[in-house]
Amino acid sequence: MKETLTRDDLVAALRKMGDDLTEQAETLRELDAAIGDGDLGITITIGFGALEEALDELADQDMSTILMRGGMAFNRKAASTFGALFATMTMRAARELRGVESIGTAELAQMATAAFEGVKERGKAELGDKTMLDALGPTAEALQQAADEGVLLVVALERAEEAALKGVQATVEMKSKTGRSSWFSERTQGVQDPGATAVYMMVRSLAGYVATAE
Amino acid sequence: MKETLTRDDLVAALRKMGDDLTEQAETLRELDAAIGDGDLGITITIGFGALEEALDELADQDMSTILMRGGMAFNRKAASTFGALFATMTMRAARELRGVESIGTAELAQMATAAFEGVKERGKAELGDKTMLDALGPTAEALQQAADEGVLLVVALERAEEAALKGVQATVEMKSKTGRSSWFSERTQGVQDPGATAVYMMVRSLAGYVATAE
Amino acid sequence: MKKIINEPMAFVDEMLEGILLAHPDQLKVTSDPRAIIRADAPVEGKVAILTGGGSGHLPVFLGYVGQGLADGCSVGNVFSSPSAETMYEATLATHGGVGCLYLYGNYSGDTMNFDMAAEMADMEDIRVETVLVSDDVASAPREQWKRRRGVAGLVFAYKVAGASAAEGATLDEVVAVTRRAVAQTCSMGVALAPCTVPAAGVPTFTIGDDEMEIGMGIHGEAGVHRGKLESADQIAERLTRAVVDDLPFKRDDQVAMLINGLGATPPEELYVLYRRVRQILEGEGIFVYRSYIGEYATSLEMAGASLTLLRLDEELTRLIDAPAKSPFFEQS
Amino acid sequence: MKKIINEPMAFVDEMLEGILLAHPDQLKVTSDPRAIIRADAPVEGKVAILTGGGSGHLPVFLGYVGQGLADGCSVGNVFSSPSAETMYEATLATHGGVGCLYLYGNYSGDTMNFDMAAEMADMEDIRVETVLVSDDVASAPREQWKRRRGVAGLVFAYKVAGASAAEGATLDEVVAVTRRAVAQTCSMGVALAPCTVPAAGVPTFTIGDDEMEIGMGIHGEAGVHRGKLESADQIAERLTRAVVDDLPFKRDDQVAMLINGLGATPPEELYVLYRRVRQILEGEGIFVYRSYIGEYATSLEMAGASLTLLRLDEELTRLIDAPAKSPFFEQS
């Protein structure tokens, strides 16, 4: 269990995230195939692959640089809606990390909120439009709440995971209002949003790292 | 049973031939698909269809004209190797019919021989090359023999049918030396030649007409 | 679907290598291997037309880089957007000092990446305007036509924008006439069989042996009607009705028409379809000024076709008639 | 395979109707609806190039009727020869007083019908010479190359003969240079999936989901090797070896190269194939002077591709480079 994340933790957590998400690529592909174009599986596999490769070069940079460059590497190799939004998230979160040496609950909450705002700006979507915002929003909110209460990182991430899961489950009943799936908005009801699912998986992976890492 | 064929018989026999061969079109398609391009089924269906249509217009012409124009109508609508050779056969046979009022064994033998020579000229193939010649040659020969012996048309056609059948069966073991199938000559062994099969079916149809018509 | 490929992950790069080997007189690559531009770029004093999108749609997008067409293209993985950085490279390498038009199909992946690229170009004081092509009638109602997908209508947009820029128009002029063209372009497609993205290995959708889907998107996005496969004439009726009633196209309108094959559908079938669409249009008094029939915007080996109409005015007619030349599109 | 057609028996006539509706400035019909000729035919004083064959191979055959190409075409049913009478009509309507070249693929149905047509033309004192294209290496050994099938090599033959006739060459000259081109043209193909003739309704051949057939003919005639589907690079190796070793093509030869798609194979894959063939040729010191990549001779929706090489000399280079224009082929 980790109380804060150092630079090495950030790198390790990102690697774990890559491994975890890549393992789930087929699930994401299927969800995206159901209401999108089915490329999210490839995006995840290639994108996280590129990120992990970039980490090899970046390991001795500061945390902010690692996160920003890592996200850019993801989108360079696996550009897509998800890729651009992933890069936007990491870039905005990285901004919050400038000069920061270790990530606790407060820092993580700031990062998540910044990422959420970034995605909103880039994608011009709203909560409830059936997008990754619907997982990212609750995540940021839960972390902010945890930060306000001053709870430990591991608890904060437990709550964030729960919030993200609820958020992602709520997307099932939503009708898509933006992006590819909005072209057949009616038919998207009943299917969980793939991008939101990916965000939930990322939160879960991070929660897992913090809970189990020595 | 018919002792000779009049103009009305010729028309009726050609119609029967069209019906019989069209019924067998699928068999011919399959044989042609095995060692050729599979179009012989369509050629037969369309070609004999065109011939039968032409007969409606031609019924009051003389026998020679009926046969020649009928063959040309076949090839106009279903041009192909088989179509061109069918037109060649009918044209050459028609030449033998100029001024003839009824077809007995001798006339039929002359027609078959002329058709055989015509196909040889047009197609530049030899007996044993695995072509329709291998059915047409034995047919002409059997009819000539029958004519020499002076036997009745029905008997002559019985023998011709038998000869054509033997001829067509012999094509099974032959390797194709001309036309489309010669491009994979080796692999044609074991398959009966489609064009020869069609000729055999034509002879059988005619034999049937002569044997059963009132 | 069986494919003539090597490593699926190398597919796009090997394809690009082949295209560059084949057409060095017309195309060249920039410092970014996915940013491909005209061999004579940058053309000083000419508005640069930049495009891009996922691979798998040739001649769209790269095939329309050429004389009287686009200047550069950023090339994504199959059915995936290119990156912002690639588009930025293409921009740097083609802009001729008088601004750039980003002209591409309305897909959120492309929009987000190319918007990022435009912001990067802006930091270099390169002026970028964007026109999104959104011609697929099946993807949103008329009132929301700007939300529609971009499909084969891209071809007319390239033709118009490219010819206008080649004539020496300013960026504002190019943008204006291209917007006008896009606003008067409608498409409707039918899919009969899916395609398979090499790296995915499974078909983009499933469809019964006796079924068709009207309005399906070029990546397999669901359409507006799935039913029994109909005759070419019935399909023509459906596509024409959808397109004509949408804008709507009216008696005495003069149009450019595109019957586009999605990949596996032979040109013979496209002409059978063309025949009936043309008859219907003539019946309605709509005059077909110019026709394009063939594979202009594909989806790998998808089977199916689409109809696109562009309503012409005097300027658009001149621009559509202008010569153009790329390795994939030639008109003299 | 699902098709966008109406009555299968009407397929060819409806396709022709569509083509004539679409391209009235370039093509016209004769008194025989299956004999289609250049809109400006007959061209007085020019050798007329006549071609023809079964439908289902667009742009072959009709697609090569145009400026600097053929003058007329007789159009058969799908994969079936046109009739002698149709070819005769096309001949009457195009000959410009200085003789005709019948230029087509070596298939016995066509040969027999066009020989009949030539005899009919002869009776009208129209001189006809015939050059058969027989470029498919898979169909007979080198010593018997004149027995081979005609496949995508037709495209180079049209280009050469058409350009020569357009230059004002005599019939004998056109025949001589076309024969020289044909004698130096070799092709080899690979099929991955069959096509279905509309009126037949069943695939032309069957092949396992993981198989390919090297050397298969464009109507599904059996090839020389059936085996597991290989990578694009391995296929390139097979096709290139077969073609190069056949003529043989040698170091310092200059060639025109065609990578042709059979129907369902996307252009992206053709460029992946092109890439490797080109690398191999360069490795052997064979110089690719000009490349054509795309669908130039198809088999409906068959999946697969072919490689064609033509060894160039000075005259052939000039003729290959000459401009040409038809509704399906444009080179400036």
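Note that the chains take the letters A, B, C and D in the order they are written out, and that residue 1 is the start of every chain.
Keep this in mind: a contact is a pair of C-beta atoms (placed from the backbone, for glycine too) under 8 Å apart; a residue touches a chain by one contact, two chains touch by 3 or more.
Remember, predicted model here, so these are calculated numbers, not experimental data.
Each chain's centre was taken as the mean of its CA atoms, and the one lying most distant from subunit D is A. Note: centroid distance subunit B to subunit C, computed from Cα atoms, is 55 Å.
In whole angstrom, the spacing between the mean C-alpha positions of subunit B and subunit D is 32.
Averaged C-alpha coordinates put the centre of subunit A at 77 Å from the centre of subunit B.
Residue positions of subunit C in touch with at least two other chains are not found.
Chain contacts in this assembly form an open path, with each chain touching only its neighbours along a single line. Here the chains touching each other pair up as A-C, B-D, C-D.
Interface residues of subunit D, counted against subunit B in their complex, comprise 9, 76-77, 79-86, 107-109, 112-113, 115-116, 136, 138-140, 147-149, 197, 199-200, 202, 204-205, 217, 219-223. In the complex of the two chains, the subunit A residues touching subunit C come out as 29, 33, 36-39, 41-43, 46, 72, 75-85, 87-88, 122-123, 178-180, 182-184, 187. Across the complex, subunit D is touched by residues 1-6, 11-12, 14-19, 21-23, 55-56, 58-59, 63, 190, 192-193, 195, 209-210, 212, 229, 231-233, 235, 263-275, 278, 291, 293-295, 298, 300-301, 303-305, 325, 328, 330-332 of subunit C.
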